[in-house]
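In what follows, chain A forms one complex with chain B and a second complex with chain C.
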Partner chain A sequence: MFYQPNVIEEALGLKAELKDGGTFIAGGTDVVVLMNHGKAAPENFIDLTHIPELRAIHRHDGALELAGNVTYAQAGKLPVRCLALASLSVGGPGIRELGTLAGNLASASPAGDGSTALLALDAEVELTSVRGARRLPLDKFFLAYRKTALAVDEMITKITVPTTYRSDWSKNGKRGAMNISIVAAAVAITPKKETRIALASVAATPIRCYKAEKFLTENGLNAGTIRQAAEIVRTEIRPITDHRASADYKVHLSGVMVRRLLENLVKA
Partner chain B sequence: MKKARKKTVAANGGSLWPLRFTLNGKKVSAKVQPTQTLLDFLRIEMGLTGTKGACLEGECGSCYVLVDGRPMNSCLMLAPQAQDRTVTTIEGFAHNKKLDVIQQKFVECGAVQCGYCTPGLIVAAKALLTENPHPTREEFLVGMEGNICRCTGYNKILRACELAADEMGLKKK
Partner chain C sequence: MNEAKTLPFEKKAIGKSPWRVDGIGLVTGTAKFTDDIFLKNMLHAKILGSPHAHARILEIDTTAAEKLPGVVIVLTYKNVPRVPHTTAGQGYPEPSPYDTFMFDTKVRFVGDRVACVAAETPEIAEQALKLINVKYEALPAVFDVREAMKEGAPIIHDEPDADGIHDRKHNIAAHYDVEIGNLANGLKEADFVFEEEFETQYAQHCALEPHVCIGYLDDNHRIVLRTATQVPWHARRIVAQCLQIPVNQIRVIKPRIGGGFGSKQEVLLEDLCALITVRTRRPVKIEYTRREEFIASRTRDPSIVKMAIGVKKDGTFTAIDQRVTSWTGGYGGHSLTLLTNVGSKTLPFYHCKNVRFWGDSVYTNLPVTGAYRGYGATQGAFAMEQVMDMIANKLGIDPIELRKKNHIQKGETNPVFAALGEGKEGHDNPIESCGLDECIDRAAAAIGWNTKHRRYQKRDPNAKIKRGIGMACLMQGSGIAGIDMASARIKMNEDGSFNLLMGATDLGTGSDTILAQIAAQVLGVTTDKMLTYSSDTDMTPFDKGAYASSTTYVSGGAVKKAAEACRDKILKVAAEMLKEDVANLRCENAKVVSKSGKEVPFPNIISRSLYGQNQFQIEGEASHVSYVSPPPFAAHFAEVEVDTETGQVRVVDYVAAVDCGVAINPKLAEGQVEGAVMNGLSYALCEEMVFDELGRMLNPSFFDYRLFTTVDAPKIKTILVETYEPSGPFGAKSIAEIGINGPLPAIANAIYDACGVRMKKAPFTPERVLAAILAGK
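The block that comes next holds the complex of A and B.
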């Protein structure tokens, strides 16, 4: 069956009631690809594209509250540099109109661009089910390869990001467009001058580099500490060799990318 | 199109979805298999074969259509998701037997070889020029980055788009 609710409560009700839990569908950039290639055939769909409140963006003091289905096209226009740039680096215009931030989080791809930018921003997610809503810092959300803290009956209803962080983004891939990263990196500096570093495609999930962050928070940001932090980053990640690049190359690239991003951020 | 025709039908009790939407300016009602992609629905049920399918995974842009004016990969949308939306395919571009400016420029510039990518590119260009009537070269490259052409080498395509932008700009003045 195909369900097309207009409000979140209806969608959550269906998710709880349906025996197989139903499959949420928004942009279709994951599930329809699998269907087209004969690798999935869900029985029940809960379409989230006709729920207007899931596309809303609210501005609070120092933070943006993004509803789950905010698209990359929408996020690309936000005044949060690393998130906007990460969103614009996803696919092409059509994919950016379809794909959503919540979809990126829920699929938990190690290469998730949106996920990585959101990690560097200390984003918080609101997970809602018929049982109620709970909030979770994003760094507690990714559990293992393609595994998240999302319960079977839950939906990512909101993503809260601060507008007070200074941030930047960089992505390296095999080509300039329609790119899945070899490595992508997001860095941010909080109002308290703490550093955040998040990387994509170097571990089983998008990850934070806590040791390098801590080192910089304790020792301050300057040319010397940034170089040392980049060295720490290289030891914190566990990339695999795949068709995109070798593990060694990804380690090297990560260090260079983080160093350059931080150098620019300090200069700016 | 062999791949596009191989449909994955979920065992969903076979109930059809009563789809109502606007297609190329006309109201359409149809009963659709909810697991059918919008691409297959347009090509197979509506007979609108201008929209192409190639990769079926969002990589090539040959399936682009405008949904409420925005470019989207119809291979990634399920037909019921077009409910109450306004969809424009390449067939909806010409009016009174007159080609859209972008189409006209593609012809004049020789921006078409095998033509498989062309409808998608024209849809992408239309979406871009509607939002931003005077794109820079860089903005053109971003607006068209979701479309792959295996024949032309893109130069004539870009030229056609830029000339179309010029002409549309002139017309409006």
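The block that comes next holds the complex of A and C.
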């Protein structure tokens, strides 16, 4: 069945009833690909694209509240540098019009561009079910390879992103367009001068580099500490070798990318 | 400088870029590709591919599959004729070993044919494949040619009935060795000897349309194969051979084709379609999935090219030794000719008295390689043109000057042409047109070579992102001399239009348009007066097929002759009507015009011929074969940016200048060059089929196998340098392939100019470039 609810409550009711037998679909840019590759065969879809309130973007003091269906194309216009750049690096224009940030979080791809940018921004997600809503910092959201903290009846209804961070983004792949990254990196500096570093494609989920962050937060940002932090990043990650690149290269690349991003942020 | 400025004719229909004759159909979607017809009662067939790289099939049980409702027939080695053949669509007798069977009791790569099911729907066929129970005895497999040639390596072709394999104990499908002059003496005379080894990778053509074939029986129970092929006549002949039936029982129709690039110079589905349709008396369709296209169709043969070049201090070459070892995969189609083409398209390019070419094409348990745009020349140019750059650097001369000093010129030939033919001795090939120096000069000026080469590093030695510029010179051929034959027929209609019936196969290249322009030029009409119909073995005369850069040159030669024969008949009728001598008449603006000013329009002429006096059908038919293969020449220049910390290479500017003879259709000629350059850039920088330790491809989808997209395209400038090739139709040469050979060496040389490292292994992925940079430190 293909359900098309018009309000969130109806969608949540369906999900509570169908549980694993019901799959949320918004842009379909992940789930349809999985279906084409024979890796998913959902029995029922709950289409979220007919729920207008899920498209909303609200601005509060120092933060943006993005509803669950905000697309990459929408996010590409937001005044949050790393999120906007990450969103614009996803697929081609067609994919960006359809694909959503929340969908990117829920599918928990290790290469998720949006997820990685949001991680560096200390984003929070609101997870809602018929049982009520709860808030979770994003770094508690990804549990394992393609596994998240979403309960079987929950939906990502909101993503909260601070607008007070300075941030930047970089992605390296085999080609320039419609790319899956070899490594992607997001960095941010909080108003309290704390550093955030997130990487994609170097672990089972998008990850934060806590040791390097802590080092920089304690020692401040300058050319020397940045170089040391990049070295720490290299020791903190353990990517796998695949057909895109070797583990060693991904480690090296991560170090270079983080260093360059931070150098640019300090310069700016 | 520009030889083409004084042409022995005036460009009318040629030298322009009219709308493609199939253009409106293509852009409005009414053009019918193979899969765009729906036949009543059509079956859908699917192929079971081997999960093993090398295994013997001990038993196949198809009972369960046959019992599945909707399954109509299951084919395995048990119920098909066992006929050794080659799938390579080449002229007969093919210079490839007969080492392939419709189905065999052995599988030789992951994806090799095991069984085929035809059912009412593709889903049922797919489901039935899972019900086929195959008992395999896995055999040791070998994936590297160096290992495969060693004593004691697994023998991939041990079947006694295979024929034409050079040395099956060492897995050598084909071997060649020829020496001109005395290589050893030549090396002794040298002041410097450059010995280098280069290696290229597996890649797939990635034509948008996969291999697809629909078979059905016509009213008289003959087999009709509607198929995406570059070689309709070879397909008909090979299917007849496999099924052991006469050629007259088969008709092959080539509809619109969505690209081939060589992958469709191969008979992969037609034999199955024909057999299923004969056995079931029902239409059947087989279409490869993208995954099958990667693993079970054909690929570019990776090659190891070892060069040793002896050179004097003044840049004179005393010896060139080229040794090639290439992967043919599980089967040997094209093995010999791919091998020899590495040499035949690179060695005659430079003056040198002492030359040796030797090499082997070797079986492994990896996907089968075959024809792919460039056909060995790509691999050869990668090696040769990098060594040229090394020599120029060592001798301290400009790479341009080294080429100009040594390259073959108009009026010259090279003994390599005759020594290295199509897998055997070839034909001498005196060069009658060569615009290479103009190509070099114009491309160098366009990219700013003189102000950039060897200069960037002096400006900012500490930059992390370094710029560099490189160049390469290239040659290919125009058809296969003395082997390729084409024919065409032109008949006149009563409104003064013409049916142009030709064997030539337009696989998306635009050749129908180019050939129509050639005919229109001869007959003095506009191109839209030519109604083209091509590649139908019942309806059009023979053509060798679309490969080896042959259509404009060889098929164009046939069309020109056919048009001339038709024109002569028009003039004869007009002479009667105008009471003039034929010698005083010419065709112009759809009329016959006399020197004295009299004229008669085409419709009047054909009307008289069809309905009036001395009635007959005005038509012309001709065949054409050329005993030379005039090379197009090209100079490619690339400017790159290398990120020395990540290894990322970005091409910032690319200029390709090509001597195409006379450009029949400049826009289509530019399109061929740009398409080939993009194809080559993608191959040089990111395309690579990756395999695991069991020979399974790890990236058999567009999700994981990365091709360049339009967004990745650098600025590409194409310069058509016109010369006049006397043996070509209106001075034309063929240029479909040559452009793909440039990016590998031009970018490699640019990377060297940027950061001093030599990329001897392709593709130049960030990881490989970085490793080279770190190793060089």
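Just a few scattered comments:
FYI, the second predicted complex is superposed on the first by the 261 of 268 C-alpha atoms of A that agree within 3 Å, B and C clash if a C-alpha of one lies under 4 Å from a C-alpha of the other, contacts with A are read in each partner's own complex, and residues count from 1 in each chain.
Assume a contact is a pair of C-beta atoms (placed from the backbone, for glycine too) under 8 Å apart; a residue touches a chain by one contact, two chains touch by 3 or more.
Since we're looking at a predicted model, the values are computed, not measured.
Using the contact criterion defined above for the overlaid structures, shared-chain residue A:V33 touches chain B and also reaches chain C.
In the superposition on chain A, the chain among chain B and chain C reaching more residues of chain A is B. Contacts of A:E194 after superposition on the shared chain: neither chain B nor chain C is touched. Contacts of A:I95 after superposition on the shared chain: chain B is touched, whereas chain C is not.
Contact with neither chain B nor chain C is seen for A:D139 once the two complexes are overlaid on the shared chain. In the superposition on chain A, A:Q4 makes contact with chain B only, not with chain C. In the overlay built on the shared chain, the residue A:P42 is in contact with chain B alone; chain C does not reach it. In the superposition on chain A, the residues of chain A touched by chain B in one structure and by chain C in the other are 33, 37, 176-178. Across the complex, chain C meets chain A through its residues 645-648, 685-686, 690, 698-699, 701, 703-704, 706-712, 765-767, 770. Listing the residues of chain B that touch chain A in their complex gives 3, 6, 8-13, 15, 17, 34-35, 37, 56-59, 61, 64, 67, 70-73, 75-78, 80-81, 83-84, 124, 127-128, 141-148. On chain A, the positions that touch chain C within their shared complex are 33, 37, 172-180, 182, 242-246, 249, 252-253, 256-257, 260. Within the complex formed with chain B, the residues of chain A that make contact are 1-2, 4, 25, 27-29, 32-33, 35-38, 40-45, 47, 49-50, 73, 88, 91-95, 97-98, 176-178.
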